[in-house]
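One chain, chain A, appears in both complexes that follow, with chain B as partner in the first and chain C in the second.
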Partner chain A sequence: MKKFISGWSLIKIFTFLVYVWMFTPIIAVVILSFNPQQFGSFPMEGFSFKWYVKLSHNSTILDAFKNSLVLGSCTAVLATAFGVPAAMAFIRYEFRGKEFLNTLLIAPIMIPEVVLGVALLLFIRWLQQPKSFALLLIGHVVLTLPYVLLIVQARLVGIKKEYEEAALSLGANPFQTFREITFPLLAPAILAGMLFAFTISFDDVTATLFWATAQNQTVPVKIFGMLRNSISPEINALGAVMIVLTVSTPLLAGYISRKFAKGTGK
Partner chain B sequence: MKNKSWKPWILLSPSLTAVFLLLVIPICFVVVYSFWLRAPSGQDIPAFQFGNYAKFFADFFYPSILLNTLRVALETVILCLILGYIPAYFFYKTESRFKPFLMILVMLPFWISFIIRTLSWINILGDSGLINHLLLKYNIISTPLAMLYNEGAVIMGLLQYLLPFMILNIYVSLDGIDKSLAEAAKSLGCTEWQAFKEVTLPLSLPGVSAGCLLVFVLTCGTYLPPMILGGPGNEMIANLIFKRIIGTLDWPFGSAISTILMLLLMVIVYTYNRYMGINQIFKTLSNES
Partner chain C sequence: MKQEKDPAFVKFTGIEKRYGKVVAVKKMDLEIPEGSLVTLLGPSGCGKTTLLRMLAGLEEPTHGDIFIKGKRINDTPIHKRNLGIIFQNYALFPHKTIFDNVAFGLKYRSASKAIMKEKVEKALETVRLPGVGNRMPSQLSGGQQQRIALARAIVIEPDVLLMDEPLSALDENLREDMRREIDNLQQALGVTTIFVTHDQREALSMSDKVVVMKDGFVQQEGDPEEVYNNSVNHFVADFLGHSNFLNAVVNEQQGDCLSVTLEDNSTCLAIPAGTFNKGDKVEMVIRAQKFNLGYRADHVPEQGENVFFGKIVDRSYMGGEVSYFIELENKLVLHAINFVKRSPYRRGDEVCMKVMHEHCRLLKI
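What follows is the complex of A and B.
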């Protein structure tokens, strides 16, 4: 027993060290963004918001931010609009080729993003269309659709079919059944799917670098461009803003939905 | 029931159309394009010839990058496995009331931009980064250690990106194991370690192998860590594709390299699916949110 306890504490220490390893670089980005020095590195000399102020005056970065927000939101809406009906089909119906089609729709996860980037760009070029916002949007919908599908499917499996059948037998039409029964039960998964799609779209860089143009940048693409001239405190500041934004969104949404659920429960 | 058979197809048609138009057809295009010719003027000429593939295998330059990619991917998988199994086992065993909080922390990196996580290592490993700063400050070294722009730095970046995938895959597998099995083994005289080795570890292998496959595939398809944290000798296959397509606009050759990468990964995924079943990965990914 004594030996096990020491083994267990080794596991604890190791896990703690993995956490330290995982979060030190991220925390360093946030800390260094407050370093007033020209070269964003240690040691810290003072504390200032000057890089944030500088960021807020940089119009190309603000444009990229706006672009990213619009793109992420449109992606989230479209990916759920496509993904939720597909999930319903896979979970609620039996039909030929179901397994194969399910794998096909989830396949983009297993295809290297760099290949997805090349493929769509090549296709658009063949159609002689310019790179545009629409290209970014359709690309991001393809990237995020599998995740929305997986999340909604997992939740739908847990919702008893009997609820829907009861509504139907009591005279509701299929659309009413979906609106009154399925949708409210499915709402948390839909919200989670949308958030996931938004964050993937907001953060993606591997495939997006193929599709973006100087006029149509997202924040990660902009950061990639800025990196060409080595890391600067401005990049750290932009990174810190991104971290706070993409981390707080899901946490806040979780908090709100819990609060909302409690409110209606009374 | 017969009159209902068209219903799932209506529900499926938007996503099937999207995936077919925007994924299946474009990928077929990549394969077709890989046989085309590139004229010296930069024009792409439709053709059916294997020149692009011959160019890839003409000398050791390109195959060595392919081998380099596979080696880095394998190293990343092994390190991920070591760094990932122990925390996953900790989550399985712990009765701490902080467990949900700790689990959320592990997921947190999923929500942080890949490019930021990658470049954040410059702040740690760079000449004036955290490690060199501390070592210099306490006079352990007199000149900064060169830790950036080598394979070690690339693997650091890859691990940062992929470790959460590995931990979650293993945890989902461990979580499905009845804890009383290991207890039974112990009551029959096994030591804690034997019970783990004979009972828990074998039962967690589906998650382990799913995590390994995912980490391997994702490593092979990424170019950002080698580009940002690596030196000239650390290029991977995806960097090659990026350079050909974005840099030199050599579409046929870029397509050929993409096709080679896809074929390689298809063989690996197919073999895996044959013996392990791919569903384990999807099961874990749907738990991510």
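What follows is the complex of A and C.
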């Protein structure tokens, strides 16, 4: 019997090729980061951690790394602190201008980052304030708030209002109801939103280029700068570290929220 | 000595709820006696759930006052009202064990651990589910979950138990069991209960008092027999059970009955609901179950009966009883439900439908 290549197999092959095309550069970076030669080429001659060692002694990179971690963490905390109450308000209460306000908070997702970057910079000039860590932090919160908002809102919609109503009717006041019922049911989404905010902040280049000063450069901005000057295999090592971090954070978030979600029904 | 029961344990006066321009409940007055089970019955959108939610404190009335035990509670927040609410979808806290679910309300009533444990176990026994305390809600069936919801609500010894369509998410067979269980439990505990439903069978079978609502108004309130047998208007007669409506014009008084002329110029005797004058246009209501069918050929006229003749155009067999649709000579189709005696009538059979005068009621149009 003769087998024809059906439409479906063609699509499968095509999809596979797209993935190859997408991931090959990333894999190449990771592989080349273990290459002992100054100028990376295949086939590799040997295997070494020397670029990683060198990286760990590069104080500017370590500073940038620290900056990124601090910025990412602060952004995650602030975006969650604003995002969760906002999501509660949008889903659970009726008030005037709700739709408008919601769109306004989601808007940064839809606006190109370059525009956002320039806009905030112009605003800060207009206020005659210097660029600072605070500016960078505000910018990143604006950038990541929509993600927290959307994730928490989606989860809140799924938490039936009756749970809260039942708790209230049983004598728990609104705060106790939040603590005992809403928060535990919402926790996976809050965690996921938080890690999302961290990842996006940690990963951002375009807007951060506009906002960062020499003192508070983040890792992606640093890499960008390094690429302009020279092509050092250190960048490969740094890239590999970044890839591992930004990929593992959301994966961890997914794992934790699934674990939390077990036994909590829908 | 037994304490006198408060006839207005729960009281609504001039209660009204508007959502923008839509009026959900219109200027309603209602009193609910202590220890009774009252059903709010009506089609969806009649305002029954809104009324319940206002009592619960989940909605704020636009106008009017709500009293429990003579105390105005409009401004009392929900968590201080001491009410037990049963929701349609059970609303058990999915992240808490059954024990913690039932114990939830006790936590805010400063009960000690030992008392809490004792009360929860007693409540679980009351709903016939002892020993499930360690399980999660998702491990129980729908009927079991609803019983836990019931246990959670009664364990706090609420002043009023509110049930919002508690049976509608259950299977048909389970619903009947659960209905009886709620009924028995309510009687045993003697807790004042308000039960919202759109199912007339639930309302008629378990209530001390039925409140039929439509468009935010009370159409009729009374005990189930009263509301069923002496429906005050077309809506109530139509909503409860299967009724036939015939247009008629009033002639004259004959004893307890009024004689009326139907559209086909035949005359009938019927009981008036209200006072009527000669020439008034009225509606004669006859319940489908009140007709007594016979073959037309076997018909013998009898005192105290109205008779209609027609042909069976449709029938549906429902086990113990059969539902017939009979077309009269003037093309009007009447609905009759009869128990099957020997063999059911067939489509096309010429029949006579006899009905006692007292089962024909006249309503104002």
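As a working rule, the second predicted complex is superposed on the first by the 243 of 266 C-alpha atoms of A that agree within 3 Å, B and C clash if a C-alpha of one lies under 4 Å from a C-alpha of the other, contacts with A are read in each partner's own complex, and residues count from 1 in each chain.
In this text, a residue touches a chain if its C-beta (ideal position, glycine included) is under 8 Å from a C-beta of that chain, and two chains touch if they have at least 3 such contacts.
Quick caveat: nothing in here was measured; it's all calculated off a predicted structure.
> Where does A:Glu165 make contact in the superposed view: on chain B (first), on chain C (second), on both, or on neither?
In the superposition, A:Glu165 contacts chain C only.
> When the two structures are overlaid on chain A, which partner does A:Phe183 contact: first (chain B), second (chain C), both, or neither?
Neither chain B nor chain C is touched by A:Phe183.
> Is A:Phe49 in contact with chain B, with chain C, with both, or with neither (first, second, both, neither)?
A:Phe49: touches no partner chain.
> When both complexes are superposed, which of chain B and chain C contacts more residues belonging to chain A?
B
> Which partner chains sit in contact with A:Tyr255 here, chain B, chain C, both or neither? Use first/second/both/neither.
Neither partner.
> In the overlay, answer first, second, both or neither for which of chain B and chain C A:Asn173 touches.
Once the two structures are laid over each other on A, A:Asn173 reaches chain C alone.
> Shared contact residues on chain A for chain B and chain C?
On chain A, no residue contacts both chain B in one structure and chain C in the other.
> Which stretch or stretches of chain C touch chain A in the complex?
Residues 56-58, 77-85, 87, 89, 91, 93-95, 104-105, 107-109, 136-138, 149, 152-153, 156.
> Residue numbers of chain B touching chain A in their complex, please.
4-5, 7-12, 14-16, 18-19, 22-27, 29-30, 33, 83, 86-87, 89-90, 93, 102, 105, 108-117, 119-124, 126, 128-130, 133, 137, 160, 163, 192-193, 217-218, 220-224, 228, 238, 241-242, 245-246, 251, 254-255, 258, 261-262, 265, 269, 278, 281-282, 285-289
> Using the touch definition up top, name the residues of chain A that touch chain B in the complex.
3-4, 7-8, 11-12, 14-15, 18-19, 21-26, 28-29, 32, 39-43, 81-83, 85-86, 88-90, 92-93, 95, 101, 103-116, 118-123, 125-126, 138-139, 141-142, 145, 147, 149-151, 153-154, 192-193, 195-196, 199, 202-206, 209-210, 219-220, 223-224, 227, 231, 235-236, 239, 242-243, 246-247, 249-250
> Tell me, which parts of chain A touch chain C in their complex?
Residues 160, 162-163, 165-174, 176-177, 180-181, 184-185, 263-266 of chain A touch chain C in their complex.
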